[in-house]
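What follows are several structures.
First chain A sits with chain B, and in the next complex the same chain sits with chain C.
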Partner chain A sequence: MENRPLEYDYTIAKMFMLTTIAFGIVGMLIGVILAFQLAFPGLNLMLGDGLAEYTNFSRLRPLHTDAVIFGFTLSGVFATWYYVGQRVLKVSMAESKLLMTLGKLHFWLYLAVVVAVIVSLFAGVTTSKEYAEFEWPIDIAVVVVWVLFGMGIFGLIGIRREKSLYISVWYYIATFLGIAMLYLFNNMEIPTFFATSPSGESGIGAWYHSVSMYAGTNDALVQWWYGHNAVAFGFTVPIVAMIYYFLPKESGQAIYSYKLSLLSFWGLMFVYLWAGGHHLLYSTVPDWMQTMGSIFSVILILPSWGSAINMLLTMKGEWQQVAASPLIKFMVLGSTFYMFSTLEGPIQAIKSVNAIAHFTDWIVGHVHDGVLGWVGFMIMAALYHMAPRVFKREIYSKSLMAAQFWIQTLGVVLYFTSMWIAGITQGMMWRAHDEFGNLAYSFIDTVTVLHPYYAIRGVGGLLYLVGFLMFAYNIYKTMSSRPVEERELQNASPMGA
Partner chain B sequence: MGIAELQAYGYFVLTFFLVVALYGYIYHLYTKKRDASGVDYESYSNMALKDDIDDTPVSALSDEKVPVEGKKK
Partner chain C sequence: MFHWLEKHPFFFAVGVFVVIAFAGLIEILPNFAQASRPVIGTAPYSTLELAGRHVYIKNSCNACHSQLVRPFKSETDRYGHYSLSGEYAYDRPFLWGSKRTGPDLMRVGNYRTTDWHENHMKNPASVVPGSIMPAYKWLFTNSADVDTVYAEQLTVAKHFAVPYNQEVPMKDGSVKNVKMANSVAEARSLALEEAKVVAADMKDQDVKDAVARGEIPEIVALIAYMNSLK
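Let's look at the complex of A and B:
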């Protein structure tokens, strides 16, 4: 034991890599089913009338969103943290029994919570708050999982050898703090068990049910402060952490401007938290708050593009790597989609544009060019980079990876273009009226017109799922692929034919 | 002075403070390198590029925390 060389320990990272893939498949599969249900409503009954309760759109929808946010994305965040954290702090998990135990506890408890979420949502047990559907017993377990994650982060930082914290570590810390604050405040709830009805009746409803501590407009405000910042601290901040590590590492290029990365970090932290009000434009929240949501959303372009441009410029003079390596392709396209959706979002948050976009499919399109093109691509790229290093084998197939890239890119393009057209069509039709103010169309008119675009969206989603299955297969085969000779791999990941 | 007016002044002061802080930070980043004890932030990129466990840290936390000889690869 004494003479064994010190190595990074990827035990926990590997465990979370597996859940990233498993929950990715589940979440995306449900997403594809939902997309086809919207195009072909008969699919709501695909397993027959008896099981319709479990297969209808409204029961499956929170399972899709929660599986991809809290299953796929969070697993990816955890997997990369337990990989990147050790490396940039130059300290191994093997050096601390405590951190290793906490890490394992983190994983198993997380898995238990995910199972509880899946079972309860399938059973229809929900608080009905979007992206915060879990009832209070699960919320408490989520907090414990999150505290374990935090202890892992700060514990590793506490025993580090590198004095300064690499930019990615700042982003991981922000993910931890941001989500902790958001989750606690949005899930303040009172179990119905403690309620008393006007007639003096107590112990109302099931023991696990609860109602939000906030009412009406206040609840909406807190909900969208949470909802939008779940995008910030779940889909943006930790993914930026990933690209700041994996793109320089895979390409062998130093970050174009480290100073810009620091500046963008603080810019993002200051601005993002104020932008959530744009979800409530034209609603009953105070007008100044809506304006503030719009303005901060537009300002948000600056720090977002600061990071994205910094990544693209990191490839300066090395663009041949984009052509040569499918792994770099994933990251460069991911960063491009990040620029694209962080421009699209602010445009939608402008009040006059929002008058058309609000409640339409354009919003759905925006979310998906962000999560499919940016979050999904970056997490898959991170896992592709990690796989040869944690399994000490070359990536099973480069050509499979390249094919996957093009299939998924086509899928994303079909998805967001169809939703753009559908959304804007929908927005225009809802507003159209004659000279007397009578609406020109009824709701079902829009449904008829949108049908082909819904079918195209389903195909786009299906292509992305097919690509994801290719990814899962490639990683699975990598685990038994040709061993890598080098002790520590530098830069470009080794790939088989 | 009503609460709304106070909030407006507070909001302005906070925004002004944040703008000054942000520009101050940019100034700090770009000038710190010039002093003798200054830091070249660009060298921090090496924390990712040279991240093997036996690579020399960009700035080591302390001497005794460097891996002990014999435990090193």
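Let's look at the complex of A and C:
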């Protein structure tokens, strides 16, 4: 036993890999539909008048964001945790029956919650808060899922052989704590079902309905403290955790600088939470908070670029790998998009820029260059790295992977460039006055002008979806059609084969 | 210190938590005392208006429409007076939105009519040529859920002291008393009384008939809410 290498148990990682792919397809497909609905409104009736309620833009929009955030991304985070966690802590899930049971419970309950979310959002049961649309019964289930995730993390840490926590583990711990804090405070709500009328009736109306504990400006403040940092702890922190593990593993290079990772980690933790105020510039929240949000957003460039530069410099002297391996391509371009997105965000958070950018498609573009270019690429890269090891088979097709990379890159570029133009055009038109000081454009003028950009964006999104389907196919073929290797591939990159 | 933390996960987690919780404590808590005080002229939502607000939320209107007028000349020209914090005192949840695919609706009640909304919801392009907004025809047949609205009114009156059945000052010096019912049956009839006023200005015969039968189609509630946004 002592002399044999550890056999890791990837049962749970595999289950989450499958949901990553399934929810990725669902979320991105809905996204593409939404994009084309804006360009061609007739698509709101794609299933006819009778089902219009369930196929129109506004009902689908929260489904898109939540499927991608809580379906695709979170599944990816969980899948990588159940893979990376064991390996960097040098302990197998199989060693603890309890952790294994908790992990399975985590998966099945998570799946049940996602299904409940999909059903409730289709039905229009929503609190309206972005990325926190779920009513209280689902919120409670989410908390249970999250606690199970936390028990999995700290349970595994508790029985670890490697005493020092690797950088990725820092980020997974931060993901757990950050989301826990944000989600709890933002979803404070009172179920209305338990109210009693003066004439003594109770149990009135829908049992799942609730009302927010916060009103108006305070509600907005808490919501965007949550909304912005859900991006931090869902789209940044765990993705950084992934790249700190998978890039060195795949490339065979050591992390460039430990000190830089320290600086970026603690810097990110401290700075990120302040920046939520930039969603509320020129609103009715106090000025000092808006200014703080603005300033800290700019400071946020430092820790973000710290991580990204650390990753890029990890490839120092090994740049030929970028040309040779599509997997390295995904990660290197992912880091680059991360840098790009974390520079763009602070620019949009400067008050005078935000005056134009806020409420426009430029913000949508910003989200997507981060999410498509950074989050999506990194999660797919992680799964590509994991697949040969958990399924003990080589990746089905390297050329398919390379083709996918270029198709998706083109898709991302079309997406953000069209949204930049759309956003800035609309922002400038809203504020334009004519020579007499009257508004130069009616609102509808600023909508119809966007048609070509909406169409281009739709094509960009479609290309990304096509790439994702190629990814799904590649993984499926890897799972099913290649001969099983004798044992887990220990070191060689699948690309080396 | 960092090396030590990396070997002691508990203290590491505590450290991370302190660092991330710090910003929230300083940024968010101080504002809670003052920001939810209503300005003069802000009254709680009536039963039908709140039902309309539920329809607005159910259909995620906030995905495309903001309710926040920023203090710029171009915005006050287009939408009216810029937003004041106290105007949102009874908004649970807030509905500022984050994207203006369509125009802001903070003060839509000042410049659109029941008739306009009715046509617009049936076929947006009929009143705004070139509009990319989908039609919302099901609002004309689905019924509003007044019971849940009533439960919400009871909840906010009890827990957040929302002044139902009390006089609140209006801008012109008068007072307004927004009624909340004593029972579910009374809540339904209060909402129906309001619905009759709205339906009187509408053209759709099916909606008029439904209201005459004692039903409240979602469109009636939504228009009541739109008209209340001033």
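One rule holds in what follows: the second predicted complex is superposed on the first by the 463 of 497 C-alpha atoms of A that agree within 3 Å, B and C clash if a C-alpha of one lies under 4 Å from a C-alpha of the other, contacts with A are read in each partner's own complex, and residues count from 1 in each chain.
In the analysis below, contacts are C-beta pairs under 8 Å (C-beta built on N, C-alpha and C of every residue); 3 or more make two chains touch, one makes a residue touch a chain.
Quick caveat: nothing in here was measured; it's all calculated off a predicted structure.
Using the superposition on chain A, tell me whether chain B and chain C clash or fit.
Pair status: fit.
Under the stated touch criterion, which partner chain does A:G124 make contact with: chain B (first), chain C (second), both, or neither?
Second partner only.
A:L6 contacts which: chain B (first), chain C (second), both, neither?
A:L6 sits against chain B, while chain C stays out of touch.
Quick one: is A:Y282 in contact with chain B, with chain C, with both, or with neither? Answer first, second, both or neither.
second
Have a look at where A:S352 lands relative to chain B and chain C in the superposition and call it first, second, both or neither.
Touch status of A:S352: no partner.
Given the superposition on chain A, which partner contacts more residues in chain A: chain B or chain C?
Counting contacted residues of chain A, the larger count belongs to C.
According to the stated criteria, A:I255 is in contact with first (chain B), second (chain C), both, or neither; which is it?
first
Specify the angle subtended at the CA centre of chain A by the CA centres of chain B and chain C, expressed in degrees to the nearest 10.
One gets 120 degrees for this angle.
To be precise, I mean the smallest distance between any C-alpha of chain B and any C-alpha of chain C in the superposed model; what is it in Å?
7
Kindly list the residues of chain A that each of chain B and chain C touches, one partner per complex.
Shared contact residues on chain A (touching chain B in one complex, chain C in the other): 163-164, 262, 266, 270.
Mind listing the chain A positions that touch chain C in their complex?
37-38, 41, 44-45, 49, 52-53, 56-59, 61-62, 124-130, 154, 157, 163-165, 170, 173-174, 177-178, 181, 185, 190, 192-193, 195-199, 201, 204-206, 209, 211-212, 214-223, 225, 262, 266, 269-270, 272-274, 276-277, 279, 282-286, 289, 292, 296, 355, 358-361, 363-364, 430-433, 438-439, 443-444, 447-448
Contact residues on chain B for chain A in the complex?
18, 22, 25-26, 29-30, 41-49, 51-55, 57-61, 65-67, 70-73
Which stretch or stretches of chain C touch chain A in the complex?
Counting only chain C, the residues touching chain A are 2-3, 6-7, 9, 12-13, 16-17, 19-24, 27-28, 31-32, 35-36, 57-64, 66, 68, 70-75, 77-78, 83-103, 128-138, 142, 145, 147-152, 154-156, 158-160, 181-184.
Spell out the part of chain A that touches chain B in their complex, as residue ranges.
2-8, 87-88, 90-92, 160-164, 166-168, 244-245, 248-249, 252, 254-255, 257-259, 262-263, 266-267, 270, 487-488
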